[in-house]
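Scrolling down, you'll hit the structures one after another.
Okay, so chain A shows up in both of these, paired with chain B first and chain C after.
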Partner chain A sequence: MLTLLIILPLLAASFLVLLTYGREKYTGPLVLAGSLITSLMILYASMSSFGKIQELNWFGISGYTIHITTQLLPLNVILSLLIGLITPLIMFYSMGYMEYKTERPRFFFEMGIFASSMLLFAIAGNFITMFIAWEMLGITSYLLIGFWYKRENAPYAARKSISTIIIGDFAMLAAMLIIWSSYHTFSFASILASPSSLYLSIAMFMVLIACFTKSAQFPFHEWLSDAMEGPTPVSAFLHSSTMVKAGVFLVLVLFPLFMKAGLSELILAIGIISAVLGASNAISSHHVKKILAYSTIEDLGLMFVAIGLHAIVAAVLFFIVQAFYKALLFMSAGSIMRANNEEEDIYKLYGSAKRKLLYIPTVIGVLSIAGIFPLSGFFGKAAIDTAAASNAYAYIILVIIDFATSAYIFRWLFIHSRKPSKSAAVDYSKIPKSMVYAGVIASILVVLAAFAFFDMGSVQSYSDYSLSISISVIDSIIETAAVAFGLVVSYLLFMKAKPTGEIRTKAYYILFNSVAINAAYLYISKAVMYFAEGISVIDELIYGFFASGGEGLLAISDKLRKIVTGDSNNYLIAFVAGIILIILLLLV
Partner chain B sequence: MFPVFFIMLAILGIAGIASALSNSYKQAKDIAIVLSGIVLLLALYSVFLALSVKGFIGSTESMAYISQFGIYLSFSATQFGIILALLASIVSFLASIAVSSKFENSKNLYPLIMLFEFSAIGLFVSANLFIFYVFWDIGVAASYFLISSFGKGENKHAANTFLIYSIFASAVLLFGIMLIYFYTPVHSFDISYITSHSYLIPTALQGTIFILLFIAFMVKMPIFPFHSWMANAYSEAPTQGSMLISGVLSKFGAYGMLLLFSMLTFSYGFAKYAFVLGSVSAFYAAFVVMRHKDLKRIIAYSSMLESGIILVGISSLNAFGTAGAVYLMLAHGLVMALMFAVIGGIEISYGNRNITVLKGIVKDSVGSAYSFLIGTFASTGIPLTAGFIADVLVFIGAINAYGLYGAIPIFSIMLLGFYLYYAINKSFLSTRESSESIARLPRQMAVTYALAILAIFAFGIFPYVIISLFGL
Partner chain C sequence: MLAIFNLAVPVLLVALIVSGLAATMHKSKKLSFATNNAIFLLLLALGIYYSVYGSSFNVLSLYHIYPFSSFTLVLFPLALLLVNIAAYYVEDSYIKFGIMLPIISVGVLSVGLASSLLTILVAIELMTIPTIILIALNGKQYAEPAAKLFLMAAISVAVFAFSIALAFPYDSSLSLVRAASGSTGTLYFLILSMVLLVASLGTEAALFPFDLWIPDVYQGSPNSISPMLAGINKKVAFIAIIEITFIVFIGQKASLTLIFGALAILTMFFGNLGAMVQTNVKRMLAYSSISQAGYIMVGLAAVSAFGLQAALFQIFAHSFMIIGAFIIAGFLAMEGFMSISDYSGLYKRSRFLAFSLTVIMLSMAGIPGLIGFVGKFLLFSSAISSGLIALAFIGIINSFISIYYYARLISNIYSSRDHKSMHVPREIYFTVLLVVAIVVFFGLYPAPLMALASAASSSIFSII
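Presenting the complex of A and B:
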């Protein structure tokens, strides 16, 4: 079967959605149906075309052909199946979430296009196919972050995300063309099989920058917290479980090239910095979704740490499990916000413990992200910790991050599960059913995802990397101890002490450093604007230069035309003077 | 063979005269739409001929004109020429459909559009430099009248600036062409003859000729530092004028540049300076655009940026760079037509085009807002738009020719992207406040947007139709 066809149902459904203006009750079911058919086709393709690379000619020039290539190698299958599971779930959640009928077709159109491009990204087998999907991810993310045109910060957040992401887009374009010039092919398989070339390190460095912008790594990470201005399904889908992991995925696919380019230390360092920044901001933020966004930055940082430590399979495992629990937590956050009149400050959210069908899945998600045995998050984290055992610095930082993760996620849980005060208008019965049930299904997936660890052996046997995965008992005990300590600290600070959120100590400002990073972004953009100001002054000078040239000519003509007076006496004098001059010249 | 170019030019001549003689605005517009539509079909037919009939590329249609001096009215089908003729016919067709707010009842606009299309198609398929020059100057004249009689605000000043720069360029061009004529062994204007015999021209003289023609084409493209006419001309012209001047007239220079680089062997030594000039021009435009608030000026400078990229492609002197430059001319012409049409539509709807004043366009003019967004995608080279194919080809060419330096100009497009998205989020996709809409978008404008978007995506998704021409 042609692998590219798996996108078709979803893509067709997304375009058909545009016809449902005026009949909005069909919008959600239409996309849901499309995504379910796509999921079945993914399942079928992952069995029938497993391991196949298919090339379609796109266009040819001067003896070379540019292909649209798809491949279904183990990593591609993993990401496709992940998308196949999460897309219908998110669409189902969104059906309840989108209460404004008139906005529904636009929302589902953009979500559908996003899901299709994510799937194309997952099965891309060469740079050009990957880049098509990559750019579509960027622009759909841009449109979805800025979805609420009415909100004050949404347009700004959308612009921030696209401005960060296009740095990566153009770095990627440059890198891929440099790679083409060395290898004369875009195909991943051929490039991975070829020996290193002249510009490989600089090209891979640019690819890495692109991956860091997409996966929100330092210093490009701040757009992700602003991206929370988008609707909650968008946060649950794009900005936690799929699109932001595109960068990690690409690094995984091209990992041997990064090794050849000698970039794994850089990947490790940036991963650690991002994870620390993510954890520290998550522990101090007051925004219910931004806490989870910073947590996503941390998760992605941990994946890069695992890759930097060459623990590829551990990174893949964490890649899988993170998708489920993060999607679940965002869905819960959306439901809790809905019950509290779309309030976003976590200290003004109450009573999530009241609705058991909402609360139990949330707790499962929280336990999983904290890393408590036997939930899926534990396996991911313990595998990364075990891999880091040889590197003392990385190991210590990872344990601290484990502690911080547990502390901030229980803080998140404890604060919004407080009993509501009498004045607060909290109504948990108004959460649409599909939002609640989507959370329940997601929590089941979170539990089941733990089995991924036991199935990682099958990934290894297909994979090119002969790297193993293991979890040692000592590392698991240390990890669990850190998590338990985090839980205790969190309980004392945020459950016992009944905080109001008004504390602003020095420690708070050190932890909540996103302010400083945003200020740095602002300085850079101001510097660019000042430079642009200088150039535009030059532009005016150039215009003035040519204009004054014109004026100079006019001035000369002004002088010259005064000779032509029309007075015959003047002409006579000039005539005589001229004759005398000529005679003199002839005599001399 | 069926003389397709003569017929196209004849139809355009008839169209110009008929619309000039027509009684009413509506009649003139209808004549222009129908006849430029027929020319568009003929242009598509010529592409079809090129793809299907062996020997069509390189065939010449000729008629004696001043034969004792070796001057013929001769048109030849080159693969680049017919692509650009297709572009000219699409953009002119769109310009005949579009309307602009102030000159709703002026029928004299349409003869000028037809005259402009006449000059553009004639220039792109001309087989000798003599008629190249003739059509070049007809184009200048048509553009001058478009700006000076139909523009707004400072249009007289803008038109005069445009005319002075253009006359300078024409004079230099004519001088260069004359030098070529006198120093080729048999005194020929014929482009293919000059291309094959240019090595016979002494190197020092070739340098002079090259610089003269290079300056002439630089002015028209425009390339830094001869660009000062551009922002005024684009912004003061009427909507249709901006579409034609930025979409097609700037391609006169780019096409001339392409001919120049293939004609004279001197280009091999000079190409690296042209590359630097193109890159500088692109970055310069990317920074200047950041200080402008008028949508037309923003798009004008983005057009200058793309001209710089076109020069980068041409100067790489290989199959990829050249093909990319031509594809970029096509893509960029269509994008400019779309962008200026959208700005024209916004001007009709809101009476303004300043991004500091305009707010919340998506609320009342959904079509204009999303079309501008698509135009932005296309000008920043998002895949599946024509700009992407062009960027890929241009920069593969540049990297092959200049190594890593060839990749640097890519980042000028990134700078442009920053500012275009800023403009979009400020004025288009944010409805917290919204400007008051004074008029509905005319249906003709919606049709213009739709056709331009269709063309942009068609050339982006099915590039092989055009690109297979380059292999012939």
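Presenting the complex of A and C:
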């Protein structure tokens, strides 16, 4: 079967949705049906075309043919299955979430295209195919983050995300040009097989920058927390199986090339910095979704740490389990916000413990992200810890991060499960059913994801690197102790002490450093602006050139218009003159 | 069985004539519309069949079926189908169209299939004269375009006949494959014959300076006929130019490059600069179609299989783009929107028409992802690969200029003004949707069309 076809149902449904303006009760079910068919096709394709690379001639020119290449190697299958599981779930959740909201067709159209581009990315087998999907992801995420464009901050957040990501797009384009000019191929398989060179190192560095922008790693990580301006299903999607996973995934696919280029230390360092920054901001933020967003930055950082430590299988395992619990937690956050009149400040959220069908899945998600045995998060974290055991510095930092993760996620849970104060209007009965049930299904998936650990032996895609995954008992005990310590600290600070969120100490600002980083962004962009203003003289020169050129052309055009007089005699004269001129031209 | 199947094309052409003549008797526009469409569809299916299997054989020593003619058998029936469907709505008395169109189509299709110079001459006349009658039948106000077309066609056919006469003595044959085929060396009469041929067919193909009548006639013609003039008649002239020059005159490679290159430059500049100041949409489209003829000439000037492939691709692409654009412009002209300023706020009147026109304009301007981009990309890279870097550069400058007037129309469409919405009849809806589908599909996935054009172009080069 042609692997590319698996995208078709979802893509078709997304476009059909545009016809449902005015008949909006069909909108959600249509996309849900499309994504379910796509999921079934993914399942079928991952069995029938497993391990196959398919090339489709796109177009050929003077000896070179550009292919649309798809591959279903183990990593591609993993990501496609993740997307196949999570897309219908999120669409189901969105049906409830978007109830009574305007512009539903546009929302589902953009979501559908977003999911299809991620699926294309997941099965891409060469740089061109990957880049098309990469750009589609960038554009659709921009549209989705800015979905509520009438709100004050949404356009700003969307612009921030696209301007960060575009840095990576340029880097990726540069990498592709370097690769094409030195290898004359875009195919992943043949680049992986080609010898190492200086060009390869430069290109891989560029690819790495692109991956860091997409996966929100330091110093490009701040767009992700601003992206919370988008609708909650978008966040759930963006943080679990799509978009931010793209960068990590590409590094995993091209892993041996990064090793050849000697970039593993860089990956490790950036991963650690991002994880620390993510954890510290998550522990101090007041925004219910931003806490989870910073937590995603930390998770992605941990994946890069694992890659930097050459523990590929551990990274893949964490890649899988993170998708489920993050999707679940965002869904819960959306439901809790819905019950609290879309309040976003965590200290003004109450009473999530009242609705058991919402609370129990949320707790499962929280326990999983904290890393408590036997939930899936535990296996992911413990595997990374075990891999880091040889590197003392990394190990200490990872243990601290384990502690911090547990502290901030229980803080998140404890604060919004308080009993409602008298002034707050909390109504848990108004959460649409589909939002609740989507969470329940997601929590089942979180529990089941633990079994992924026992089936990781099949991730064999590179021949020259040893692939193994192990969890040592000592490391798991240390991890569990850190988590338990975090739970205790969190309980004392945020459950017992009845916090109000009003404390603003120096330590708080050190932890909540997102303000400083945003200020640094502004500073850099101002510097760029000054530079740009400096060279705008040249810009005006160019503009003047084109403006006067354009005026000149219009003047010529006006003269030329008068040749065509409407008089047939002139046309005949021109005909004869034309023949004579051509003959003269040939004689000269 | 197989031998009978080979006769399918002439049988269908005869069926077309019968359908046209029958229409004079039964005068039922539905019946005539249906039979015409059915025959076009059958011809299209046949064209696709021949292209896929790369068939090559002679029919009745009159027609020659080989990949090049299969290409025209794919292109023209599809284009004729679109014109026919649109005319069904646009024409108030479709029956005269129902009579004339089958005869025109026989001419149109015979050019690509022809195996002798005389067949081409007759076929072009068979195409042109009913077109003139069709224009003139629409009423007194169409006498002027009809007269102009008649005059230019008369001159053109005379020169064409003279050109054939000059080439005849070299091999005493009118057969395409034998008449002076590939004669090399400085043969003055042959060169003169070539110049006259390019001039005569350049009249219909819109090459400067033989194309001054084009804006008048395209603008002045009835709304049902302008799409046909720009999308079919003009392309037929190109097919004839390609067939004759690349078979009969291929020995004069250097002169061909010189003539085609010079005409390409002049035509591109004339079309693009002329279009910039136009205010009437149909007239602007006429100029734009002249400039597109210039781009096609860039590919021909390369005189290589690659260049010819590019030119054929662009002929296909532009044929549908301009048919779509003229159908929209014609429909809007019927509703009273003639000038570019009338188009402002079209977005509010009909989202569908606004979107489709935008896609077509962007494609003509050469925006990636649409068929026009692929065409231009192939054309300019073929020129570069033949060493005509200056020509390619001029082409790129021209497509830069062209963005001015395409974008002006687009910005007018979306300039906001409140209007009540407009009903788009289903004939217009269907044809425009089909054009947009072709533009987007082959823009994103050009491989099949490129393979078709490539087979056609290499069959021309290997015919001698």
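Here is the rule we go by: the second predicted complex is superposed on the first by the 522 of 588 C-alpha atoms of A that agree within 3 Å, B and C clash if a C-alpha of one lies under 4 Å from a C-alpha of the other, contacts with A are read in each partner's own complex, and residues count from 1 in each chain.
Everything below uses one rule, namely that a contact is a pair of C-beta atoms (placed from the backbone, for glycine too) under 8 Å apart; a residue touches a chain by one contact, two chains touch by 3 or more.
It should be emphasised that the depicted structure is a prediction, and the values quoted were computed from it without experimental measurement.
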Touched partner set for A:S568, first chain B, second chain C, both or neither: second
Chain B versus chain C as contact partner of A:Y543, first or second or both or neither: first
Touched partner set for A:A158, first chain B, second chain C, both or neither: first
Contacts of A:I556 with chain B and chain C, given as first, second, both or neither: second
Partner chain in contact with A:F531 - chain B first, chain C second, else both or neither: first
Which superposed partner A:L177 touches (first chain B, second chain C, both, neither): first
Partner chain(s) touched by A:P432 [first = chain B, second = chain C, both, neither]: neither
Touching partner for A:Y199 - first (chain B), second (chain C), both, neither: first
Which superposed partner A:P420 touches (first chain B, second chain C, both, neither): neither
Residue contacts on chain A - larger count, chain B or chain C: B
Contact residues of chain A, present in both the chain B and the chain C interface: 57-62, 550
Complex interface listing, chain A residues touching chain B: 57-62, 66, 128, 131-132, 135-136, 139, 142, 146, 149-152, 154-156, 158-159, 162-163, 166-167, 169-170, 173-174, 177-178, 180-181, 199, 202, 528-529, 531-533, 535-536, 539, 542-543, 546-547, 550
Residues of chain B defined as touching chain A within the complex: 164, 225, 227-228, 284, 287-288, 290-292, 319-320, 323, 360, 362-363, 377, 380-384, 389, 391-393, 395-396, 399-400, 403-404, 407, 410-411, 413-415, 417-418, 421-422, 424-426, 429-432, 463-464, 467-468, 470-471
Footprint of chain A on chain C - complex, ascending: 147-148, 151-152, 155, 159, 191-192, 195-196, 198-199, 202-203, 208-210, 212-213, 215-216, 255, 258-259, 262-263, 270, 273-278, 306, 374, 377-378, 381, 385, 401, 404, 445-447, 450
Chain A - residues contacting chain C, complex: 57-62, 550, 553-554, 556-558, 560-561, 563-564, 566, 568, 570-572, 574-575, 577-579, 581-583, 585-586
